[in-house]
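After this come two complexes, each holding chain A, first together with chain B and then together with chain C.
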Partner chain A sequence: MSDRRIGVYICHCGGNISDYVNVDKVKEAVQDEPGVVVAKTSMFTCSDAGQQDIIRDIKEQNLDGLVVASCSPKLHLHTFRDVAKRAGLNPYQYTQVNIREQCSWTHTDDHEGATEKAIRLVRAGINRTNLTEPLHSIKINTVPKVLIIGAGIAGLRAAIGLNDIGIAVYLAEKEQEPGGWVAGFGKMYPHGRNGKEIINQLVNEVKKRDSITLFTQAEVIDKTGSVGDFRVKIRVRDQEEIALHVGAIITATGFNAYKPHEDEYGYGMDGVVTLAEFKKLLDKSEGKIIRQGKEIKNVVYVYCVGSRQGDEAEDGNRYCSRYCCNAAVHSSIQALEKNPQVHQYHLFRDMRTYGKFELLLNDALKRGSIFLKFDENEPPQITKGANGTLNVTVKDLLTFGEEVEIEADLVVLATGMVPKENQKLVDILKLPVGRDRFFNEIHPKLRPVETVVDGVYICGTCQGPKNSAESVASALAAVSQSAAILKKGYVELEPLIAMVNREACTWCGECETACPYTAISKEQVQGKEVAKIHEALCKGCGGCIPICPNHALDLKGYTDGQMKAMIDGLLKEKF
Partner chain B sequence: MQGQASTDKDFTPKILVFSTNNISDPGIDFAGSSHLHYSPSVSVISMPCTSGVKPEWILYAVEKGFDGVFLAADGEECAYLPDCAERTSHIVHEAQELLTQHGYEPQRLRMSAICSVCAEPFVNHMKEFSESLKKLGSARKG
Partner chain C sequence: MTVANPNFVEEVKKSNEFNASACMNCGVCSAVCPMGIELLPRKLFRYVLLGFKDKVLENKETIYSCLLCRMCEANCPAKVHIAENVRLLRYYLNKNVFRV
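Then we have the complex of A and B:
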């Protein structure tokens, strides 16, 4: 028998549960289960009155376990953990039983079946609760310093942002100079300022500050430790190794430009260039656009090169690169500013000048740029023409497939963004890589710059195509997220992690190999080699548990005993 | 209630589902909030990741009274383990061997990825699995 003192509360949820489940019958069936000292039904357990009632019972009846049978734990697990905590009961001695989404609502056609199932589910919850132990979140003091990897516009702006709120920053850049892609850009939309100018302003600010250290020609070579307390080694100029102690790491490693393969839209032919190459040409042109001594009068742009590739391309880039429509249209306006006589033809699949960039498109249209829409299955053909020109043929969908032939001096391929090759960094930081090979955040809307590795953040184009404004916005999101843990001085981690039964463990190393988070290593305890779980690194996935040949591992909250006890509870046939 | 013969037309197989807190359990919740029906003899235990299910738990469930076990896995969406699907299928393999050794049909264990909005696919899985378990009959015959 149990010597536990468990309170069980069965919720009507208005009628959401009690219209289909006989909650009184559930109460009667479970009130004599081992360990149960209080069993009640409640109209709305989550209401203020419902919560107060539980708190009073916990205190007066000296309860050491709590079960609420109500909605899905996704809704109220934390509500009732908090109720337990307010009453002085350890929150991990609470079990939520889902009798709404997984019972009343899905068995509206079978009241008796739903009631019996609810009884079984509550019994499983009681059995689990009987085997709970008080658990305490793991507290780790944080070092108020951040390592930022990559000194492009995102990394530079993040460094200044963190420093503004009193956090020291190490900024590590792989190249000889900071600034990344934007340092090479000319006029940018909408302010008309030069990319180089913007970067200079940021770099000057960084250099002014004593508590930002900029390393160039630097690469990360090692990382140990965990959130709040990382030890990182970087190698500078291929020789000097520097050890850093930081609380968080922000990855802002940027993108590579898509390089068209030989013959893709005539790439490799003289006169076929990428958008980046064309922008360089524009930036150095005064008045007329001259290339290799010849004036450029007719320009053809081909959009979506290297982006939105269809299923037929193996490992193709399925995504839209997001910035290229805007950049190409912007370039065409700049070309007109240099020489209003230039003729420009835009061969596009879909035009995505979203938000305020729509004004650019209107401007380009007004100034006489011609836009022709092609089908991805019938892409434009580019061949050599007379006198060093190029012949471009395209079927225009906007005129019902009319074939248009253009004689062009220059064909500009609006190339997209591709992820950088960063395998070494991925291995060291354990960065999660998505199917598109960009880095993955935990959740695009709710946790857009955090990764599954606590304390490691991503921002800018290393997580997917962005323009520079969007990169900076995400960089500042990474600033606020990392500063939030560092300014508090400590982090609290969930205690539902793996644990080792040292008596049963004979250290075979299987679990160490199975853990991708390096959370398990070997330790010596009283002359015996056993597994050690690193509390701050364990994610609590449980992936190591079935691997152990000696059954020496358990996941807190989901122990072997608890799982079997729940199965027993689900099978008891007494209603 | 125990030990019905496979010829019993009223036999309703008991199914235990292991789901995952972040992905498949919300999918199963979604079936409920969409008021889709499956048999109340299906019960769900949710955990962080199906890569953490011990084959012994599956055998234990069948020995104690479940007629089938279903792993509602995360597939490629798992936030913990990139090779979650492989790991879970390895567990399925081991558990099926364990079941066979103990005289139970390996078909009593199934696995499929259930996403967080996979309400209908989950319900269909339960219906199909239930049908095939009816053909197998109760796990504890005789």
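Then we have the complex of A and C:
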């Protein structure tokens, strides 16, 4: 029998549960289970009154375990852990049993069956709670310094942002000069300022500040430690190795431009250029646009090159590169400003000049740019024409599929963004890479710059296509998220992690290989080699536990014993 | 296959301001046309913008069968001056084709 004192609360959820599950029957069925001293039903357990009732019971009945059978733990796990805490009970002595999403809502057509299932689930929860032990969150002191990898517009802005809140920054740039792509841009929308100017302003600010250290020609070669307390090694100019001690790492490594393959829309032919190449040509043109001694009078743009590729392209880029419609339309307006006589044809699949960029499109239309829509299955064909011109043929859906032939001096391919090749960095930081090969955040809406690696953040275009304004916005999001843990001075981690039974462990290394977070290493304890769990790195995924041939590993909060007890609870009655 | 001619629209424009760039191909003009004109204004204007001179000349009859009632214009969500554009095209044809 159990010497535990457990309180069990079964929630009606105002009918969400009790319309289908007979909650009184559930209460009756479990109130005599070993360890249970209080069993109640409640209309809304999460309400103030419901919470107060639990707190009173914990105090008066001296409870040492708590089970609430209600909704999904996603909704109220922390609510009831907090209830336990406020009553003086260790929050990890609490078990939430889901009898709503996984029972009443799924079995609305079978009240009896739902009630029986609820009884089994609650009993399993009670059995687990019988074996709980008080656990304490892991507290780690944080180092108030951040390493930012990549000194493009995102990295530079993040460095200044962090420094503004009093955090020291190491900024590591792979290239010889900071600034990234934006440093190479001319006039930018909407303020018309030069990209180079914007970067210079940021770089000057960075250089002014004593507590930002900028390394160029630098690469990260090693990382150990964990959130709040990383040890990172960088190699500068292929020789000097520098050891850094930081609390967080922000990755702002940017993108590569898509390079069309030979013959893709005539690429490789004289007069077929990428958007980046065209922008360079525009920036150095005064008045007429002259290329190789020849005036450019007719320009054809082809959109979505290297983006939104269909299934036929193996490892194709399925995503929209987001910036190219705006950039190409902007370039066409720039071209008209240089030379109002230039004729421009835009061959697009769909125009995506979202938000305020719509004004750019209107402007381009007003100034006489012509837009032709092609079907992705019938892309424009580009061939050599007479007198060094190019012949572009396209079926224009806006003229009801009419075939149009355009004589062009220049064909501009609006090329998209592709992820940078960064395998070394991915290996060192354990960065999560998505199917599109960009880095992945934890939650696209609610945690957009955090990664599954605690203390490692991503921002800018290493995460996916963004324009410079969006890159800066995400950089500043990474600033606030990293500063949030560093300014507090410590981080608290869930104690639901793996533990080692040193007597049983014979160190075979299987667990070290199985661990995706490098949280397991070897240690010597009283002359014996055993596994060591790095508390700050372990995520409690449980991947190491079934691997161990000696059953020397267990997961706190979800021990094998608890799991077996839960199974016994589920199967107490015969089917 | 028709060759795009950037100069044609300039020719038409010379007479006055021809403007159909804002057209988004929605088709409201065709739906409300009391004449049920076969050649849709949006198609005709695309011909002009793309410089399909021959196609425009082929459709002289249609261009003159418009009543200039402005039903299309009143309903155009992109505020294209449809009737005005038709009038400009007639002016162009009068001058360059019929020599009047």
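Keep in mind that, in the parts below, the second predicted complex is superposed on the first by the 573 of 575 C-alpha atoms of A that agree within 3 Å, B and C clash if a C-alpha of one lies under 4 Å from a C-alpha of the other, contacts with A are read in each partner's own complex, and residues count from 1 in each chain.
Criterion: contacts are C-beta pairs under 8 Å (C-beta built on N, C-alpha and C of every residue); 3 or more make two chains touch, one makes a residue touch a chain.
All figures in this text were calculated on a predicted structure; none of them were measured in a lab.
Aligning the shared chain A places chain B and chain C next to each other free of steric conflict.
In the superposition on chain A, A:Lys74 makes contact with chain B only, while chain C stays out of contact range. Within the superposed three-chain model, A:Asn298 lies in touch with chain C and out of touch with chain B [touch as defined at top]. With both complexes placed on chain A, chain A has more residues touched by B than by the other of chain B and chain C.
By the touch criterion defined above, A:Ile406 reaches chain C but does not reach chain B. Of the two partner chains, chain B is the only one touched by A:Cys541; chain C is not. Chain centres taken from Cα atoms put the angle at chain A, between chain B and chain C, at 110 degrees to the nearest 10.
Once the two complexes are laid over each other on the shared chain, residue contacts for A:Trp105 go to chain B alone; chain C is not touched. By the touch criterion stated above, A:Asp263 is placed in contact with neither chain B nor chain C.
Contact with chain C, but none with chain B, is seen for A:Leu398 once the two complexes are overlaid on the shared chain. Once chain A of one complex is fitted onto chain A of the other, the partner contacts of A:Asp568 are limited to chain B, with no touch recorded for chain C.
Closest C-alpha contact of chain B with chain C, superposed model: 36 Å.
In the superposition on chain A, no residue of chain A contacts both chain B and chain C. Those residues of chain A whose C-beta lies close enough to touch chain B in the complex are 72-74, 98, 100-103, 105-110, 113-114, 116-117, 120-121, 124, 432, 435, 442, 452, 496, 516, 539-546, 551, 555, 558, 560, 563-564, 566-568, 570-571, 573. Within the complex formed with chain C, the residues of chain A that make contact are 298, 343, 345, 362, 365-366, 368-370, 372, 393, 396, 398-400, 402-407. Within the complex formed with chain A, the chain C residues making contact are 1-4, 6, 9, 21-22, 25, 43, 46-47, 49-50, 52.
Residue ranges of chain B in contact with chain A, taken from their complex: 1, 14, 16, 21, 25-26, 28-33, 35-41, 43-49, 51-57, 60-61, 64-66, 76, 79-82, 84, 87, 91, 94.
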